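Next, two complexes with subunit A in common: one pairs it with subunit B, the other with subunit C.
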Partner chain A sequence: MTFDWSVVADHRAALVAATGTTILLTIATMAIAVPCGIVVAAVRLYAWPPLRAIAAAYVELFRNLPLILVVYWAFYVLPIATGLGLSPFATGLAALALNVTAYNAETFRAGLGSIRRGQLEAAMALGMSRRQALRRVILPQAVRRILPVLASTWVSLFKDTSLVSVIAVGELAYVAMQIRAQTFRVLEMLTAMAVIYWLLGYPQAKLVDWIQRRYAVTE
Partner chain B sequence: MDFDLSVIADHWRFLGYGVGVTIVLAAASGAASLALGLGIALARMFGPRWLRVPLVFYIDSMRAVPVLVVLVWTFFALPMLTGLTMPPFAAALIGLSVHLAAYAAEIVRAGVESVRPGQTRASLALGMSRAQILRRIVLPQAIVRMLPAFGSLLSVTIKDTAIASVIAVPELMRQSETLAGQSFQPIEVYSFAMLVYFLLLFPVTRGVDRLYRRVAHLGRS
Partner chain C sequence: MSSERAAAAAAKILRYRGVTKRYGDFAALNGVDLDVHAGEVVCLIGPSGSGKSTLLRCTNALEAIDGGEIEFEGSALPREEAALRAVRRRMGMVFQSFELFPHLTALENVAEGPRTVLRAVREEAQRRAHAMLAKVGLSDKSASYPSALSGGQQQRVAIARALAMEPDVMLFDEPTSALDPETIGEVLSVMKALADEGMTMVVVTHEMSFARRVGDWVAVFDAGRIVEQGPPKQIFEAPTTERTRDFLSHLGWPA
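Right after this comes the complex of A and B.
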């Protein structure tokens, strides 16, 4: 068996563009999922009880579904439900955002909940208003707990963007597998794909470890 | 929008087979990754020094690469190197186990390291060997503390089996895809698949939470 690695060099422009799409998809999903996650967490904690139940049901549902199924489901259901002809990229983005928002909502809720009640009570006993206590005492500590979790969600999301390849979004996994199908250079293209993911993912995983060490909280 | 569930009723055997494959694949790769992860973590912590670098490299690499890539590479590219073709199920089992073992190894390490070093020192002072300390003092406490993390790993395992549909393992996701394509009723079929996955996963996450609450006191020191 001989291997011809020039196929990777020949398609480098397509691979670079696809890598760009992967990164763009990651950033766009997080940009949607962080504010939406804050809203869902706030609804779940403070809203009118029926709304709370809906938010909780949403979070539990999407945390307990395989993302690849959500992607397929969004691909077939969103056009009918919304009446819009969405592009594969928009559909993939919607599926990823639905999934990551649920995880982020849980992260924010757990982060706020992890600060002991005594801290709020102590701050209020010192004469702070509830709002002041939240801003000066609770949030600064909660952020230190939330940030490392968000960072590892980021890495998971970066990897999970590969799943939208099943609905033909032109990101790295899809493009690499397309080139594989056209050129029949299976081992070369799949290895190139794995190496590109590794090159991008490895530093991110290491960065997450560093953030987790840096922000370890001792209450 | 019509919602016609007869497609599910007519093909319940076909979908049921998929559920069975999903459960078997999840159980097998869950057990294999657990065993593999335990071995890797112990080798990393207590094994020879030269083994540490490749093991850490393996763990961090698996955390950096998507499961999809691991599965596709195992199924399509690995046979070209070894000359052996594998059925999809075997490739999925190998790919998932190799990927998830890295996460299992990290969980084991975190659990073992969470047991305070004073306990090891006290046991050494009492004349126990390293192996005895690990077996009698450290692991019994560490295993209880690892439970919640293993519970979420199990739910990740079940979710990741759905990705094996990409290499044509006939599990629930793949069967749903096939049925959706043949019946032209993707909404009914995929919504049903969502329900089944939720019913599989929700009790697992809840069950592990409950189990942990019952045994948490055993892990305190």
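Right after this comes the complex of A and C.
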């Protein structure tokens, strides 16, 4: 069996652009899923009970469905449900954000719940509202505590963006598979994909480890 | 009732009347009557679980009472959240477990109330925080995080944090119970200095010598009631109830 690595070099422009899309998709998903996760977690912990139940149902639904199913669902159902003709990128982003928000909500719920009650009481004794106490006292501590979990979610998400290739979003997996189909250089393209994902994923994981050490709070 | 106490009766900061609080079947407070006058140090003593901390936590409505009435500066504690926050601003609270904010430095801890609650500008909040840290003798620790401070230092920062709101009354919930014996003294001397300045204080404590030396009025709790109250001289030298005598002798008092 012979290898022809020139196929990777020949398509480097397409691969670089597709890698950019993968990174953009990851960042955009987290940019939505972190604040939404905080809101869902706060609703589940502190809101009016019927709202809590809705938030819980959302989390349990999306946390227990295969992501690829959610991606297909978003592709076929979202246009009908919303009447919007969403681009594949926007559709993929919506599916990823729905899924990761559910995970982040659980992470934040655990983090917020781990801050002992006395901290809330100390904030309220100063005259803070619950909202101020959450924002100024509880959340900053919870975020530091759950940073390692958010980090591994981030790295998982970076790889899971490949699942939206099934609805033709031009990210790294989709573009690499397209090149493979055109050139029949299967092993070369799969290897190139693996190298790109790993080279990008590893430093991200290390960076987040460093952030965690840097901002760790000791009591 | 002592004559000085009667003379101060015009200015009641806190007034408790028939206060009750239940947790399920357990009556934590079972009809408590107590007055706290301006400038007074009132010490609440008694065995664990007798209701003294519960009364303190009801005073700034961290716990809601089930019956009776608590008046602060002449009006009953409000039920509505925003009005309650306005009342809490005027009461400083110090907790047994300090509850400093671990992600903030000592200075930031003290500036947090003025900054977030009083909406002071940063410079003003920091100026006030520096002054309060100086007052508790911790100017050199302003940049330290709570984890780098001893228990006694943490509790002094917590006192500074409460004082930064310029409260009308300070509530102390067993402020020295979590401390190493060698750091208890530094916290008690800060509290004594505060009392000498005329701060109104309600102190839940197991430090009998503090209650005796600094307290103007002592209330002895048992099973959710005040079994005896009076000036420290009466409570510690001539207690009138069997329950007070039992409690004090249990602590080895008088030594």
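As a convention for this text, the second predicted complex is superposed on the first by the 183 of 219 C-alpha atoms of A that agree within 3 Å, B and C clash if a C-alpha of one lies under 4 Å from a C-alpha of the other, contacts with A are read in each partner's own complex, and residues count from 1 in each chain.
In this text, a residue touches a chain if its C-beta (ideal position, glycine included) is under 8 Å from a C-beta of that chain, and two chains touch if they have at least 3 such contacts.
Note that the structure is predicted; figures quoted are calculated from it, not measured.
Once the two complexes are laid over each other on the shared chain, residue contacts for A:Q119 go to subunit C alone; subunit B is not touched. Shared-chain residue A:L69: touches subunit B; no touch with subunit C. Subunit A has more of its residues touched by B than by the other of subunit B and subunit C. Within the superposed three-chain model, A:S129 lies in touch with subunit C and out of touch with subunit B [touch as defined at top].
Of the two partner chains placed around the shared chain by superposition, neither subunit B nor subunit C is touched by A:Q212. Of the two partner chains, neither subunit B nor subunit C is touched by A:Q178. Judged by the touch definition given at the top, the superposed model places A:T191 against subunit B, while subunit C stays out of reach. The touching residues of subunit A, counted against subunit B in their complex, run 1, 60-61, 63-70, 72-73, 76-77, 80, 155, 159-160, 162-163, 165-166, 173, 177, 180, 186-187, 190-191, 193-194, 197-198, 200-202, 204-206.
The part of subunit A that touches subunit C in the complex is made up of residues 118-119, 121-129, 132, 136-137, 140-141, 144, 217-219. Residues of subunit B that touch subunit A in their complex: 1, 60-61, 63-70, 72-73, 76-77, 80-81, 83, 155, 158-163, 165-166, 173, 176-177, 180, 186-187, 190-191, 193-194, 197-198, 201-202, 205. Partner subunit A is touched in their complex by these residues of subunit C: 60, 62, 81-82, 85-86, 88-89, 91-93, 95, 97, 99-103, 112-113, 116-117, 145-147, 161-162, 165.
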